[in-house]
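Order as written gives the chain letters A, B and C; numbering starts at 1 within each chain.
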Amino acid sequence: MNAVVNNPVEHFQSEYARLIGELDNDPLRDERKAALERFAATGLPTKKVEAWKYTDVQPIAKRHFNTTQAAPPIDVGQVDAVRFGDLDCHELVFVNGRFNAQLSRLGDTASGISIRSLAAALADSDSGIGARLGHCLGENTHAFTELNTAFLQDGAVIEVARGVQVDKPIVLLYLDTATDTPTACHPRTFVSLGENAAATLVESFAGLDDSSENLTNQVTEIDLADNARLDHYKIVQGGGKNFHIGSINARQARDSRLESHSLALGGNLTRTDINTRLEAEGATVILNGLYMVDGKQHVDHHTRVDHLVPHTNSVETYRGVLNGNSRAVFNGKVYVHRDAQKTDAQQSNANLLLSKTAEVDTKPELEIYADDVKCSHGATVGQLDEDALFYLRSRAIDESTAGSLLTYAFASEVVAQIKLAPIRERLEHIVLDKLPQTEQIGEFV
Amino acid sequence: MATQSHDVEALIKKRYEHGFHTDIETDTVPPGLDEDVICLISNKKHEPDWLLQWRLEAFRAWQKMKTPTWQHIKHAPIDYQAISYYSAPKSKDDAPQSLDEVDPKLLETYEKLGIPLHEQKMLAGVAVDAVFDSVSVATTFKEKLHEAGVIFCSFSEAVQNHPDLVKQYLGSVVPQGDNFFAALNSAVFTDGSFVYIPKGVKCPMELSTYFRINAMNTGQFERTLIVADEGSQVSYLEGCTAPQRDENQLHAAVVELVALDDANIKYSTVQNWYPGDENGVGGIYNFVTKRGDARGNNSRISWTQVETGSAITWKYPSCILRGDNSVGEFYSVAVTSNWQQADTGTKMIHLGKNTKSTIVSKGISAMHGDQAYRGLVRIAPTATNARNYTQCDSLLMGDQCGAHTFPYMEVRNNSAKVEHEATTSKIGEDQLFYCRSRGITEEDAVNMIVNGFCKDVFKELPMEFAVEAQKLLGVTLEGAVG
Amino acid sequence: MLSIKNLHAQVDDTDILKGVDLEIKPGEIHAIMGPNGSGKSTLANVLAGRDDYTVTAGEILFEGQNLADMAPEERACAGLFLAFQYPVEIPGVNNIYLLKAALNAIRKSRGEDALDAVEFMKLVRERMKLVKLNEDLLNRSVNEGFSGGEKKRNEIFQMAVLEPKLAILDETDSGLDIDALKIVAEGVNAMRSPERSMILVTHYQRLLDYIKPDHVHVLADGKIIKSGDEQLAKELEERGYEWVKQEAAAA
C-alpha cells in the first residue's frame, strides 16, 4: 500500500506514477503528463468554481480511489439484467472500465465500420488513435477531463467511413461492480463519423452493486463530418453509492446532426457535461435530457452549445423529477459567437419537486454576440398541476395513482423522444418503477 | 427601390444633454484613501464616534477584499488612491439653512437639469433632495412632510437629528462587508438621503433625490436609507446625471430599504449618468448595491429602473422577502449603446411563507453595447407556497452588440412555483416594414417598437418619470386612444 | 393610376421578376394569379417597398410618381396599401394606436388635420362593422394572439380606415374558411369605388367568386404571360396553369 496522502492532487499524482510504471510504449505519454500537470495546477474543483457551484465533489476528493485494482468476475446473468431486452446491436461490455471480450457481443460489422476497444486500438501502432484523442475537447474541459486524459486505459473507438450507415445500434455497456477498496476508472469513447455516415450509439452506465463506491470518470468524443448523423444515448442507472462524472464533447461539421439523450436515473453523484461545437452552417444539435432522483442522490447536467457560424440550430429540452432529499442541478448555456447570425436556439428546463426536502438549482444561460438570432429559454420549477390531479380524482382515480400518472406523463415527454423502441420501453419501465401505484398506471400508458 | 437606411443606430446615438459642467468653488480633499481620510470625512460631518468606528470597520474589511471578477464587464483597474473621496460646494456657512442661502449657481444647475428646487416651481407633489457631488444641497417641501410626520432629509442631517433611527437601521440590510463596493461606500460615504415614514402614514407626495456628479476626479458615494414603518407607504424617485468628461468617474452607492409589517415601498430610478462618448472614452463607473428587506408580514418592495447611462453599470436591486406574504418586484429597462456595458439584474430571496416575486427585465443593446441580465431567485425551505415569475427579454440592434442572460434559480421548497422565460431577438425588420408600410416613419416605427418592448416596465414608473424615461429612449408616448 | 413597365426585381441576388408590365386605371380591380413561386408575392412586396427586394430594371409609376424613389411610409402616404400575406405580430404596440398613428401620418402628408380621439373612434367603429371585427381586438397588441382569420380581417379593417387609392391584397384569401372569406370579400367590395383600384394577388380562383375582377393576369416565372377577364380565372381553375405556360412558350 502507498503511504496515506490526504491531498487529492497528491493522491492522483502517486496513482499516476504507479500507472506509468506499468505502461510500455505508451503513445499518450506526453499528453498524459501535460494533462496531469494541468490537473495539478487547479486540483479538483471547489464550490467557488462557477461550474461546480452546486455540486460538491468533496466525497470524491476524500476517497483515495485505486486506479489499477482488477474487478471481480461477474456472471452473464448480471449483464442480462441490465441489457436492453432483445435489442439487436453491436455490444461492447466493460467491467470497471476495462473491456471484457467474453461478455461482449460485437457481431459482424460491414466494411467501413470499425468498432473496437480503446485498449486494442492503443496497442495497434497503426491505428494512429493516440494522435486523434483529444481532438474534440474544446476549451471548456474541467479537471476531471484532465484526469481522464492522464489515466485513460480503455474505452471504445468507433469509426464509420463516409456514406456508411451502421446497420444496428452500437451499445457500450459500462458495468460497475464493487471492489475491496473504491476504484476509479477513466474510460474514453471516441466516435468519428465520415461524411454522410450515420450511426446510433448507446452508452449505458449500470451499477451492479449498491455497495460500490467506485468512480467512473468517463469522456466521450464525437466528431461528425459533413452531413453525418449520430443519435447518442447516455443512460446512467443503478448503484446507490457510486460516482459518475462524464462529459460528451462534440464537433459538428456542415449539416451534421447530433441528437443527444441523457438519462440520469441512478447513482450517488452523477455529473454529465455536454459540450458541442457547431462549426459549420446547417449543423444541428438536439439535446434531450431526463433526470429522476430520490433519496440523497445528486445529479448535475451542464450543457454548452457553441454556435460558431451562421445558420446553426440547437434545441434543448431537459426535465427533472425530484423526490426524497435529492438535489438536481441544470446549467444550460447557449453561446452565440460574433457573426453567428441566424442562429436558432431554444432551450427549456422543467422540474417537478415531489418532496419537501428536494432541491433544484437551474440556470439556463444565453450569451449572445450576434444580433440576427432567435434565442429563447425557459425554466420552471413546480409541482403537479392541481387542476389535473383534481380532474383525475373526480374520475375516481385515487390520489397516489393520479400523482404517479401525471409524473409519468411529465417524464415521458423526454422518454417519448427516444426512437429505439427496446430502449424506450426499458426506460419507460425504469421510470414507472420509480413511481408508486405503477400497476394501475400501466393501464393508462 | 428607395434607398432605405435601416440605421437604427442613428436613433440610439442620442446626444447626452446633461454633459455641462458647473464652475463652482468646491471644498475637495486630495485624492487618496486611508484611515485619516475617513476620519476627516467623519469629522467634517461632525459625526458621532460610533459612526466613525463603523466606517473604519468597513474600511478594514474593504482592504481585505478583492474587486469582484465574476461580472460580464471589462474595464481597466480602478486606482482607488487616485480618487478624491470628498467634494462639496463651498459655502460660507456649514450648510444652507434655506434655499435662499443655496448658491444660485447650484440652483441654476438643477434648473438646467429640469429639477427646479424652488418649491413654487416644483412639479406638484414631488419633494426633492438634491445631492451635488458628495453633499445634499437642498431638500424641498420639508415643512409639508414634517406635518405628516415624514422625515425626509439628507443623510448628514439624519445623523445629527435622528441618530437613533440611523443607528438602528444603517447596515441592517447591506452590512459593511457585504461586497467590495458596499464596503468602500460604508467607509467613505459622504451623504445621501434618509427617509422615515411613521406607522400608518401614507407619504403625501412622491419623494425624490437628484444626484449630480460635478467635480473632476471625485467619486460619489452616497448612502440612502428608507424605513417604512408598519402600515406606511412611500414612493421614492431617483435621478442621476453627470458632466461629460474624458475620465471615468466612480459612483459606488448603497441603498437600503426596510419595510415593516404591511408597509409598501416603491423605488424608481432613472439613471442617466454620462455614458462616455462614441469611442468609449469617459463615462461613469456605476457600482451600486441596492437591497430591500421586506421584513414585515404583508410588506411590499418594488424596484423600477430605467438604466440608460453610465459607461459601466453593476447593479442588482434586490429583495429579501422575509415577512410572510411579502412581495418583491423588479422592473428594469437597460439600454447599452456605444461602448456601454451593463451587468444588472436582481435577487429575490424568498424566506417567508406565501412570498411572491415578479421580475421583468428588458435589455436593449445597440452598436458595441454589451449587457448581461444576472438574476437569482432563491426559495428557502421555509418559504412555503412561494411564487416567482421572471420575464427577461433582449432586443439587439446592430451586429457588434451583445446580450447575455444568467438566471440562477435555487429552489428548496416543493410548494414553490418558479417560472423563468427569456427571449433574445433582433429588432424585427418585418415589424419595421409593417409600420412603415402604414405610413409611419422609420424613426417613429423604431420608437414604437422599442416603446412596446419596454411597456411592461414603463407602466410601473410614476408619471413624471415615465415621461422622462421615454424621452430618454427617444420614444414618443403612446397615446391613450378611444 | 399604376403603371409598371418592364419590371425586373431580385431577392437575395436571385431574379424573381423578369419583365412585368401592368397598367391599372382608377376604379379597376386586377387579379394576379399564378402558381407558387411565380413571383406574385414578390410583386406585392416590391410595390410596397420591402427592403430585401431590389429593382434591377424597369419602372413603377404611381400617379406619375416614381415609386422606386420612395420609402415604404412615403408610398403609404401617397395612397398605397399592402394587405400582408403574413401580418406580423408586434408585442406591446396597441393595434388601435398603430392605426391612429398611421391615419394621422397619412392625413398630415395630405395637409389635413389630425383626427381627434372622438372623430377617430367614430370612424373606427363605423369601419369595424365592415369586417365584423371584434372590438376587443382593437386594444390588443398588433396581431398578437389573433387567429389567422382575425389577422386578415384586421388587414382589411386597416384598409377601410386608411382609405388607400391603391390596395394590394396579398393572398388575403389563403388560410380562410369560407365564412371568413365571405366577410373579407364583403369588406373589400364595400371599399370599391371609381377612385380606388385594387390588386388581388391570389393562388385560388375562389376569392374571385366574391370579388369580381375587371382584369385577370397570369404571372409565371416572373412575367405576365396571359391576361383576360374573369373568364380566364375560371378557366385556370378548371384546367390549371400548365396550358397557359405551354401557350406562352409556344408564342
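One rule holds in what follows: a residue touches a chain if its C-beta (ideal position, glycine included) is under 8 Å from a C-beta of that chain, and two chains touch if they have at least 3 such contacts.
Note that the coordinates shown come from a computational prediction; the quantities given were computed from them, not determined experimentally.
Ranked by how close its mean Cα position lies to the mean of all protein Cα atoms, the top chain is B. Among the other chains, A has the CA centre that is most remote from the centre of subunit C.
For the pair subunit A and subunit B, the distance between C-alpha centroids works out to 44 Å. Between subunit A and subunit C the centroid-to-centroid distance comes to 54 Å (mean Cα coordinates, whole Å). Centres computed as Cα averages put subunit B at a distance of 49 Å from subunit C. Listing the residues of subunit B that touch subunit C in their complex gives 1-2, 4, 6, 428-431, 433-442, 444-445, 448-449, 451-456, 478-479, 481-482. Considering their complex, residues 46, 48-51, 53-55, 68-77, 81-82, 84, 87-88, 90-94, 96-102, 105-106, 109, 117, 120-121, 124, 138-139, 141-142, 158, 162 of subunit C touch subunit B.
Against subunit B, the residues of subunit A that register as touching in their complex are 50, 54, 338-339, 341, 351, 353-383.
On the side of subunit B, the complex with subunit A involves touching residues 70, 379, 381, 394, 396-426.
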